[in-house]
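Chain lettering (A, B, C, D and E) follows the sequence in which the chains are written, and residue indices restart at 1 in each chain.
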Amino acid sequence: MADLIVPGDKLPIEDPSTVKTTIGPGVYKMPTTHNLIPCSSGVITVETKNSNQLVYIESNNKRYIPHTNDFVIGVVTGVVGESYKVQLQDFSSPVLLGFMAFPNATKKNRPNLKIGSAVYARVLQDIPEIEAELECIDPTTGKEGGFGLLDESGYIFDVELNFARELLFNPKTVFLQLLSTKCQFEIAIGINGKIWIKCGEGLKEKTSDSMETDEEDPATNIKDLRTTLAAANFLIKCQHITQDKLKAELTNAFKGI
Amino acid sequence: MELYSPEGLRIDGRRWNELRRFECKINTHPHSADGSSYVEQGNTKIICMVRGPMEPAMKSQVNATSSTVEVNVSLANFSTFERKKRSKTDKRITELKTTLERTFNECIMGHLYPRTLISVTVQVLAQDGGLLAAMTNAVTLALIDAGIAMYDYVSGVNAGLYDQTSALLDLNTLEENDMCSLTIGVIGKSEKLALVVLEDKLPLDRLESVLAIAIAGSHRIRELMDMEVRKHGNMRLAKVSV
Amino acid sequence: MAFQVQMSVLDNSDGSAELIIGNTKVIASVSGPIEPKQRQELPNQASLEIIIRPAKGLSTTREKLLEDKLRALLQSIIIRYKYPRQLISIVVQFLVTDEDPKFTANELNAAINCCYFALIDADIALYSSFASVVSCITENKLIQNPTGKELSQSDSHHVVCFNIQEGKADKILLLESQGEFVQEELFNLLSESVSNAEELHTLQRKYLKEKIDQDYIWK
Amino acid sequence: MSRSIEISENQRKFLLESLKHGFRLTDRPFDHVRDISLYLSPTEYGYVEVSWGKTKLACRVTATVTTPYEDRPFEGIFTINSEISTMASMRFDTSRSNEEILIARIIEKAVRRSNSLDLESLCIIAGEKVWEITVDLNYLNYDGNFIDVGCFAVMLALHHFKKPDISINGNSIVVHDINERQPVPLSILHIPICLTYSFYNLTDKESNIKGEDADEICLLDADLLEELNRDGSLVITLNKNRELIQLSKNGGLPISAQQFLELTFKSMKTIDQLTDLIKTKIKEHEELRYKTENFKLLEASADR
Amino acid sequence: MDITEVISITKPQSSSQYNNIDESNDDSDIEMGESSAGGASAGIVTPGELITEDPIWMKGHGTYFLNDSTYSSVAGSVSRVNRLLSVIPLRGRYSPETGDHIVGRITEVANKRWKVDIGTRQDAVLMLGSVNLPGGILRRKSESDELQMRNFLKEGDLLNCEVQTIFSNGIASLHTRSLKYGKLRNGIFLKVPSSLIVKSKNHAYDLPGSVSVILGSNGYIWLHKTLANTSTTTTVNQNAAKIQGRDYAPGQGSISITRLEEESSWEIYSDQNDPNITSSTRSNISRYYNVIKALAYGELGITEQRVILGYEASLAYSNIGSLIDRESMEQICQEVLNSEKMRG
């Protein structure tokens, strides 16, 4: 593991007044003196590229603070004016998702989300002094782009923020690859530590008609349900074990399915 | 003092399976509440008033899919032999209040009244045992009077066990102080229990016999309440047709 | 001076730490930044809610006093302007204490050091690190980390908290002294405490390193 | 206004659908309690920490000499302080919620009002000096079921506790330091154990009220997610002597009398298990303590 | 579980009606349901009671069902209209219908709307766009109107309005876009059960003794001094002068060109009572107040005619306060019924 830095330490960087510096998480610019200081404890990374330097501190935490362009999963808790009130984490300040922040939304054609529904969305703006805003549109295409309602066939669970970042940003991450050896799944990862996952058909609500027509259905239904839960439990466990124990954990999680 | 004589008589002369005098009235305060009732179960006397469904006063009481039931319990200082000052935050009162709220939240067809508040006020004038049961009965009647849709009556009574052997129905204060007391609330004519509260020790193997007499007692009380509701209803129907 | 600490011990808090220092055991939890209640909200910075709960009995004015001292300290160390209109809620629960209730030195010291780890665990932005040491003077002899018994026999007792800049004790953030002592004794004590605080900080780093390793165990 | 936890419809549906198919999200059987891990202080009498799944709390017993209540001159005083702080969960606000009061009230009924502690044995001089036993319950982490865990922790701590020995000298009493004279354990008359069952109605309310068959689902020892989604609950307090101490079904989903009776009878198995757990833990602890203390004594005499 | 016998003692009842009910209650409910399934129902049903096991009925208000059985959820009489089975509760809150003329009280000033208590389950809304504002009814609502909504109507104000529509969530939307509606002044408010108000074409009446009444369909009643047909210019001037203190430009000082203009000036939102209400008018208002109370006590439907008859009957009592003694209330009701019979 690389170098540990704690608040109060000196940042191992070139003088920011001479070198153009970009700061990332964990580094704070004192508003009065314009000095850069580390404000988190973690692993420091300094990257130098064409005489520019980038500095940030990688650390883990549980509480999410909205930042523009983050992909998040939130739960609709109510309606205020022309927006949904969305909760990204328990007890956090609510954020807003405008009725117009959906593809093809018009004054007449409003989205129809219920209280308790989960949405996958992008943080549109994050001015700390006011409520953050979300949108369900891919800004490059103006289309849905995978955002929107996360239907009830998938399970939602919480992980720590560093693990969520690993899953979302590391294309070579072993966890999802390993999981795919056991089952097919659809997944949506929120940088706010919420993950939506669905294996096979996930949870299917039984309507009275389908039960009679298809007798095979309930069995596969239960299997998909159990697989989804096993996958979720596997990912939760992954956060606290070393890589060499992953295989054993996977077998254990899918035991009996 | 003998609570249960060898001849099978209790301190107030009742038999083991005998209810105290039960009297109830509905629509006692037609102009100050949407529904009201008065219940006397022996010497326990209770007034209950229901307001609503109406606009909630507090934002936190708004439930988008159902009504919110709020119960306020107040025990008059003169309701017991000793005049006691009670603080509003008395744990026992909170327990009674929460129990009633949770009981009736389940029994009222709340989905018919989304975003509304049903406010119930229970005023205890005199206490002589079976307080929770009498409150339950009073609230049921007041809700019916208010025309609020309910799945069924909830009727309640308490019962105890004397000397580890004999089950006694509908305990008064003297009896309650000296033996365990099981209060139940029964749904309609069924054997479904909406509320169960037991205080003081009861041998597990005696539970069934005490529960049986309590259920039977509750059913009888439901009948008595139902008679009153019908009597009142018919009287009103007669008035309308005049 | 030795202490043991365990971080992320509570599932529901954003940050937590359990600290055993001397005979005192304390657990601290940090939740935040979260939505404040309306009356707590400050327009341009985070508000702090600090609750201290005693090991025995219900919270009294003694705990309120500790809360105020801790608040004064933490207010200057947390970068509150980073979290406008938010709340940071800190609860300190004493589990085992070792001093007569008329003293607060050991508990204050433990609470400060425990909060450091809980705040780091919650990843709350700090201007600098900090470390606190407690000592007492008995018949001109300086005792570091006194037990409850030593404390009650002492002539004066002191809690000093330094902020740590680049591994060195820098400024005094808090100094709590009670009893009879002379200027010379105090200065002597302060210079002793500097080295103690720096020693403590090396230990802090060790534990923080372990925490990072634990957090990224899956890497 | 207290803060609330928002549950997504996804989680709720998965929970209910799993229950319908006969399993919990965590795969724990319906009638099992979670793993329990206990810490008993090796140095201090009466301090224990209980972790019950992720629910965690600390409990301390202390004793002081005081004057008895005027109307009960022969009895000691026994109080239980149970206050939930935001440390356990931000749900529990500084203003005491009804839920919190109900938790405290049920534990009080189960332990204090059932006379599990022999108050008369706490009397030192009638009408003048008695022991006051105080239990402080500190809730650290909330993952459901504070009642069962709280009651269990109180009973464990009471068993673990020993009060200093005393001797009476005319009208004055001498409290002996625990290092000077062997302290005395409390006289505990019975061990009440609380079990909380959570009920779920997977069909509509109409069939719950008017239907013939009882298909309500019943879980023992619900965790947070299960607790937030339940339709009703029942707390059964029993002891090993097959005595019901208290029952609390404070409203919620109605259940049939038959199912209710079955539950109370079925509970005995878990009650026995948990009672034995307290007893074996205390026994183990005593043996360990005896050994270390003997060792210290030997050391001390060797030094001489 | 076996059910044990229970002994219970109740107060002896002399009325035969009581015994009849008791017996019918002991009969099995199924019989009762079937016997009444054909024609008009006798007696009432109570919550949880089985009404019918016949699946043919559609389930209306006041009922719920499991499988084929329909149960009552309220105490009331069974109504069968075509295939629709419902139970009409004996009592209940007012449920609004489009076109109802009602009286309401402002409870909240919200975004472009007022919330109004009209005795329903949920407060009704009055949109800013549904009221007449000073400066003519056809004027567009501007932002400055939005900002000073509280100057028009504020919390606690009473008004006289009509139900415009009922939204899908059951909330009523009101309007006051007619000269007969608006803020209420110069009178006293009274509440009776809404079931006692008989709906008719007109709900506002001038009564003898220069008193007028608005019998809101929701049971909210307003008794006030009868307005003179044309308001004297002096009062308008007074009001206009008062208003100049507030910084409002439109309509200010523009005194009556047309009657419409005048009515929709600031005066209609004034909080000032007419200073010239005579003491005889005042005592007449309280007399009517007590008469209506007496009618409500006797659970008589309240109509213009009955109010007048009651007023006449009440003239026998010189002390207005004594009208609400129990005997006087019964007496008044009796006399109202008698005189109705006499008039046929």
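Simple rule for what comes next: a residue touches a chain if its C-beta (ideal position, glycine included) is under 8 Å from a C-beta of that chain, and two chains touch if they have at least 3 such contacts.
The UniProt protein names, listed by chain, are A = Exosome complex exonuclease RRP40; B = Ribosomal RNA-processing protein 41; C = Exoribonuclease phosphorolytic domain-containing protein.
If you're wondering where the values come from, they're calculated on a predicted model, not measured in any experiment.
Asks: Which chain pair shares more contacting C-beta pairs: B-E, or C-D?
Replies: Top pair by contacting C-beta pairs is B-E.
Asks: Using C-alpha centroids, which chain lies at the maximum separation from chain D?
Replies: Between chain D and every other chain, the largest centroid distance is to E.
Asks: Based only on mean CA positions, could you tell me how far chain B sits from chain C in angstrom?
Replies: Distance between chain centres: 53 Å.
Asks: Determine the centre-to-centre distance between chain D and chain E, using the mean Cα coordinates as centres, and give it in whole Å.
Replies: Distance between chain centres, rounded to whole Å: 55 Å.
Asks: Where does chain C touch two or more other chains at once, residue-wise?
Replies: Residues 31, 34-35 of chain C touch two or more partner chains.
Asks: Could you list which residues of chain B touch at least two other chains?
Replies: Residue numbers touching two or more other chains: 109, 151-152, 187-188, 191, 208, 211, 215.
Asks: What residues in chain E touch two or more of the other chains?
Replies: If we look for residues of chain E contacting two or more partner chains, we find 1, 48, 64, 71.
Asks: Over in the complex, which chain A residues touch chain D? Could you list them?
Replies: 75, 77, 87, 90-91, 114, 116-118, 150, 152, 154-157, 196, 203, 205, 222, 225-226, 228-229, 233
Asks: Spell out the part of chain D that touches chain C in their complex, as residue ranges.
Replies: Touching chain C: residues 1, 3, 41, 44, 47, 49, 54, 56, 58, 60, 62, 81, 83, 85-90, 94, 134, 136, 138, 140-143 of chain D.
Asks: Once bound in the complex, which stretches of chain E touch chain B?
Replies: Residues in contact with chain B: 1-11, 17-18, 21-22, 25, 43-44, 46-48, 62, 64, 71, 73-77, 89-93, 107, 115, 117, 121-123, 169, 191, 193, 296, 299.
Asks: Can you list the residues on chain C that touch chain D in the complex?
Replies: 10-13, 27, 29, 31, 34-35, 37, 49, 51, 53, 55-58, 89, 91, 93, 95-96
Asks: With touch defined as at the start, can you tell me which chain D residues reach chain A in the complex?
Replies: Chain D residues touching chain A: 3, 5-14, 17-18, 21, 23, 25-26, 90.
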